[in-house]
Amino acid sequence: MSTGTNPPTYTTLKGMGLVNTAFKAEDLLKLRNGNLGIGHTRYSTTGISELQNCQPFVVDTLHGKIAVAHNGELVNASALRKKVMRHGVGLSTSSDSEIITQLLALTPPMEELDTPDWLARIKNLMTETPTSYSLLVMYKDVIYAVRDPYGNRPLSIGRLVPISRLHSSGAEETDTEGWVVSSESCSFQSIGAKYYREVQPGEIIQISKNGVKSLSVVPRPDGDPPAFCIFEYVYFARPDSIFEGQMVYTVRQRCGQQLAIEAPTDADVVSTVPESATPAALGYAQQSGLPYVEVLCKNRYVGRTFIQPNTRLRQLGVAKKFGALTDNFAGKRVVLIDDSIVRGNTISPIIKLLKEAGATEVHIRVASPPIRFPCYMGINIPTKEELIANKPEFEDIAGYIGATSVRYLSVEGLVSAVQSGIESHGKDARISTKTTRFGHCTACLTGKYPVELEW
Amino acid sequence: MSTGTNPPTYTTLKGMGLVNTAFKAEDLLKLRNGNLGIGHTRYSTTGISELQNCQPFVVDTLHGKIAVAHNGELVNASALRKKVMRHGVGLSTSSDSEIITQLLALTPPMEELDTPDWLARIKNLMTETPTSYSLLVMYKDVIYAVRDPYGNRPLSIGRLVPISRLHSSGAEETDTEGWVVSSESCSFQSIGAKYYREVQPGEIIQISKNGVKSLSVVPRPDGDPPAFCIFEYVYFARPDSIFEGQMVYTVRQRCGQQLAIEAPTDADVVSTVPESATPAALGYAQQSGLPYVEVLCKNRYVGRTFIQPNTRLRQLGVAKKFGALTDNFAGKRVVLIDDSIVRGNTISPIIKLLKEAGATEVHIRVASPPIRFPCYMGINIPTKEELIANKPEFEDIAGYIGATSVRYLSVEGLVSAVQSGIESHGKDARISTKTTRFGHCTACLTGKYPVELEW
Amino acid sequence: MSTGTNPPTYTTLKGMGLVNTAFKAEDLLKLRNGNLGIGHTRYSTTGISELQNCQPFVVDTLHGKIAVAHNGELVNASALRKKVMRHGVGLSTSSDSEIITQLLALTPPMEELDTPDWLARIKNLMTETPTSYSLLVMYKDVIYAVRDPYGNRPLSIGRLVPISRLHSSGAEETDTEGWVVSSESCSFQSIGAKYYREVQPGEIIQISKNGVKSLSVVPRPDGDPPAFCIFEYVYFARPDSIFEGQMVYTVRQRCGQQLAIEAPTDADVVSTVPESATPAALGYAQQSGLPYVEVLCKNRYVGRTFIQPNTRLRQLGVAKKFGALTDNFAGKRVVLIDDSIVRGNTISPIIKLLKEAGATEVHIRVASPPIRFPCYMGINIPTKEELIANKPEFEDIAGYIGATSVRYLSVEGLVSAVQSGIESHGKDARISTKTTRFGHCTACLTGKYPVELEW
Amino acid sequence: MSTGTNPPTYTTLKGMGLVNTAFKAEDLLKLRNGNLGIGHTRYSTTGISELQNCQPFVVDTLHGKIAVAHNGELVNASALRKKVMRHGVGLSTSSDSEIITQLLALTPPMEELDTPDWLARIKNLMTETPTSYSLLVMYKDVIYAVRDPYGNRPLSIGRLVPISRLHSSGAEETDTEGWVVSSESCSFQSIGAKYYREVQPGEIIQISKNGVKSLSVVPRPDGDPPAFCIFEYVYFARPDSIFEGQMVYTVRQRCGQQLAIEAPTDADVVSTVPESATPAALGYAQQSGLPYVEVLCKNRYVGRTFIQPNTRLRQLGVAKKFGALTDNFAGKRVVLIDDSIVRGNTISPIIKLLKEAGATEVHIRVASPPIRFPCYMGINIPTKEELIANKPEFEDIAGYIGATSVRYLSVEGLVSAVQSGIESHGKDARISTKTTRFGHCTACLTGKYPVELEW
């Protein structure tokens, strides 16, 4: 084998593990000689041989390299995979993101004399697959930011502020330094950028040295509403991220308030499974008038759980992760708020811990509805059989997990907590409201998928 | 060089880094063949050559090996060091813990025919140095747990519960499996042990297969009160630890209440610098009647801070660690509770962050008094010159850090918050109250050291 | 991105570094569940991002996965690359081995209903590119071993002997355990296999549970002789490998004999630059009648050469790699045999070392002709400008490197040393002699390339 | 525990593994700020917890730090260990080198006002233990190089040559840059130093900015000859090292010649087990008139032998390490020279390999006598029971290992091969010949130990 022809114009850096352990400072310094770049992180099984699954996918085409980063999961991945392979392309990975990359190179046929029309190629890709994908496509000195017509996965644009002005009072900014795009807006602050706006469902945006330009908005089939994943609000997103004009934290707080209305409890204190359920717990406390206290303290040093040297430690389980703040609840009736219950094997030992430490009653209130259906659009939800809500035990879920009582937020309550905020706050003056009609994917709760599933 | 004589009867395992990264599971498995062991963790600079500073110190004596773990710092380390070296002992490290170990071997002289009287040797050590040390000394099948006469560092005993009974309702336990000793009682829960009692100031306890036995209590000079480090309550200990019969979390909450009494504020919301200041913030909110909200969300993935690839990221500083929960405080006057301010360089960018995000006023309330003096008893406090409370800026601390106002808890307020709980709750029926007279070291706040400092 | 469809039927394991450091035992154990496999090693620059260049290349096609390992370099890589990309395939690497893999998938077009005719696809590939490649192509339960029509790179077949019979006297073996294919036959012994025969130029061999079967021999253009790389004999191969029926060691010894005839020397002793030049040195000694002695002793622990901490050590250079065996040559005239001189910067400090240690004369005799031309068929030879034989210094090469005299083997001498052995020993009864006409590529010595170079 | 008093004046760097993998370049750079240093390497079992056994041992004394590196093994280690511990010193390791270090600190008692008389302390140490030790003791700006009175372990002095003069023709060197001391003189060349002379048995040498100074020579008991380990010549030393004025390679060659006289063979070729037996093989060939050929080629990439993934590979054993150079010996009678046979499990599979590949006879000739007794002076020789020469199989050693015949060099032959060279070449004009009377320790061959063994 020989390498050496077609020298790379992109510098690629991939690694396994959390970003701050996967890369060394000296590696990052190698990335500095450029003014354009895309990156990607994902949950993955370990193993160095998986490195080839790491995004972005970079391939060389007749007109030079393109790099593609993809958040989401194609509902028709299997059919598209065959289509690409029937073309004679050998696929190196089992990833649908590679399919996207090869599709962009494949159609329409490329000639050496042509200038490649990437906008047309992206539009063509969007006719091949309806959802779910938020994409970044880098080619030479341009990045295209693309969100699928259903807007299933989030995508936001931020503006890099000159550092000298970062903390100034906000005068008209004319000397902006650049633009960033991210699934979650919370990342903007970390690099000194400010939230600008969301990429709209179906929108193709071009980012170049000439700034941000909206090239096109690919429509959905008539009558189909957008289908932004409601679980981003419930669980996935960091609370300081902004979707549809509202802060995730505030939505979660409203979920807690709504839960207090739907499922009031005769108890002494309200608390949280730290840290993700805290906004809902504070909302529940506020609505119910019950005092908010902390009952669990996180052991920050229980990170990696390696092979337990003996049975004893394995059995201790969650006791290693949390300390009980006994004085705050001993002899009291506790309402414990959790954000969601997927398999049911985390909350059970927590309840035991609290009861052992003196709680007289432990009422579980879940700030989202039970998950009953698999997601085919990018969220790693257990199979239907594994979901606690589909198990016989769910009939007596309280008994099963050892709680005094268990109540969930209703689907309607969740949707209302999400959508009430968009109406009042969610105005984005920069783009036409025609395309901002909102709508949410609740498939994992209701089984109603935004598009027909092809397999 | 040759090894091989005197085969080790102890298995030693040392490593650099957090416990769960420093050791591999297979290493830990090697430690299983025994029923007695001591361990140690400490803050340290990195570098493999520092491994020899890792405790426990294990040395071979005429009568076999002893292993010593030490929490604290000897106030007369320098004089003792010379004493040991004058004896002809070469010291391998600069650690005062090695001095303790060699002193135990050195005096009184050992003869091969004797049985070594370790109790006498420990007592002799305690006459050589008044404070500060909590020690574990392991010899053959016995562990001695020792706390210095001033009780400056904490030391607690826990009882290992048979796992079958761990979650039972608490019948009389007669078949206990063993005993554990720890600086902080919070660690007991993680291994399925239950808090039993503290080692008292000056107490020497023997742990063997015959159980726990209090051998002796070495007295302080007449009139000297105990001097348990008050900063364990303020900052160091995990909130679910128990000292002097009370939970640290509750003491911090009382500090917040006391602070609200001493330093009330005309504001809209009370919040915390997560997570250590949260109990004080909840206490402040409760006492003041102001609503408690969260204003900062921690970025859990900012762990290792490696060399920043560019100036921009360096300047962003704290913005990478926290996200602003804007909706909760925009347009409002915020009381922000912090647990302590040592150098003053953390709180300042947080205040900027909140103001930028829309807080109209940011009042800092610190749930402990200013630190003005160095600690010579084991706490790594900056030099007098580095302490913000000793700098000219402290005159206008609010202006310096950009706060609307700054107020601290008084020393009297802190002492009262700590000691009021001991009187009401802190009863330990198992030991005579003669030795439990309490008293706290406030040297870093007041400059009054519990013993005369020798250098 | 999502993975999960089309579960891999091949287990892939790749790593950087020497084989025995790149892989852990537990990784290798994962590879045990199969009875077919291919592997690849190559020289490479370091860097984890290069991992994707590691072979074998595995791609999924409409009919399942194929894996391809390639030794060699396509002379028309650039044209083929464009051809593949014009087809719409995005290429992930700059490697010509990926081109081979994609070409196999691409032509002729695949239909789902078809059974893929891999023999036809391999033949098609061989019409697209004449040389140089030795290939292993794995598909389901078959491995194809392919050598290009010019036979530029070596490829041998070995027979895995049942371990029980490994050291027996060689009765008829009917219960063979399997087959192995390798560029160099020396590897067979390491795994208990015995040399069986070479894959002939242009031959396509199928290995399956039914044994080894020669499927086809693709011919060269009329009149073109084979072009096996003569440098495999001179330098690359391990001395115990067998090519064209003869052992490499013996060829090198004949080169030394021929060199003694072409370039006799009036000297006292003959020696070697260990270890690769030893057979030639022994041949030279034998032919010339001069005594053979060792003058240099290798420092086995100078492996990794990391950044030298100071100028002194950098300047010492080769002195760190060799010790002078002074007593064997002090006061004597030394003939020092080297196998080849590429850049000329290794031999020079060795000569200095010997002279300093007391050699009165140092005559360099090189057991191969000067390299004057680049190789485009897989051998990493420096550019024309870097080659010592193309530099002005070559006019006075002896003066330049500090030798008393320098002489090279002639091209004719080398070819004769190689080919004289084939005629006498090189008979392979198993295949027709029509295709075994031999001929060697001497392009790097003569500039006569076996095929026209296309760029 | 606290560190910080008595800042180290020595920089220490220790690691596990080969020197060039154990240390990073950046670590070595930290060692540059000094003009004095000592180092140590040793065979060891792996495991990071062994790091504390790494030398040099550095201890702080009343007068500052000393660092000690030790090659050898104290014959009376056990008694000295008790003596040190009876003094009250706790010992951190099981190493006799730590005993040496503590003994130097211990006696005579130190007073703060004194200047420590290290010469007296070293002499005192030498009265406590007769052998075996070569030591480097570093204190402030002086290094003491010490060899035990019996000279059991080697120790040589080299002169660092200014790099500008390194390759010059050897004019009077007046501007030397420094001095180095090493067990083996072969290391001098690697750093650009030249062999100066040996440290004599019992000699204490001082190295400082004033150069090298011989302080004292501690005598042996009357009549005791020196006892330099004869196995350094046979096996341990690198062939280009110089002991007693002669090169190790030459001694080994003489052993081969002597062996040819003592054990002539009717055979066709002489060869070597590479690489250590090569000088003896060349000596045997020269004396016997038989041609020297290579029969084995080393596989350089079989380094680490990790857990073999299957039985097959385990059984292959030595076949992975050597390739057979068949053409050189097929159909011939081979004399195979080995330097020593300790356990007998290496040579056996080599003989099988040669016979399988066509050798008609394999005669083993061993260039040293059988090892029959354990070494208590630093050489890691197997127990008496494990030694092949003490096993019943030794009666028919040839049959046991599968050789046609086996013959060893006699003890007298070895001693004569060693000592004949000292008489003719070994003149060291710089020191009085009174102390250079030579004599060698042959205890492992004869059971005659140089001193009475105390346990």
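Which chain is which? They are A, B, C and D, in the order written, and residues in each are numbered from 1.
Assume a contact is a pair of C-beta atoms (placed from the backbone, for glycine too) under 8 Å apart; a residue touches a chain by one contact, two chains touch by 3 or more.
A quick note: this is a predicted structure, and the numbers were derived from the prediction, not measured.
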| item | value |
| --- | --- |
| Remotest chain, subunit B as reference, centres from CA atoms | C |
| Separation of mean Cα positions, subunit C and subunit B [Å, integer] | 63 |
| Distance between chain centroids, defined by C-alpha means - subunit A, subunit B (Å) | 39 |
| Separation of subunit A from subunit C, taking each centre as the mean of its C-alpha atoms, in whole Å | 50 |
| Touching two or more other chains - residues of subunit C | none |
| Chain contact topology (line, ring, star, complete or other) | ring |
| Interchain contacts (touch definition) - all pairs | A-B, A-C, B-D, C-D |
| In the complex with subunit A, residue positions of subunit B that touch it | 18-21, 24-25, 28-29, 31-32, 163, 166-167, 186, 189-192, 238-240, 246-247, 249-250, 275, 278-279, 282, 286, 291-294, 297-299, 301-304, 306-307, 309-313, 315-316, 319-320, 323-328, 352, 356 |
| Residues of subunit C touching subunit A in the complex | 1-8, 12-15, 40, 42, 48-49, 51-53, 55, 57-62, 66, 70-74, 77-78, 81-82, 85-97, 101-102, 104-107, 109-112, 378 |
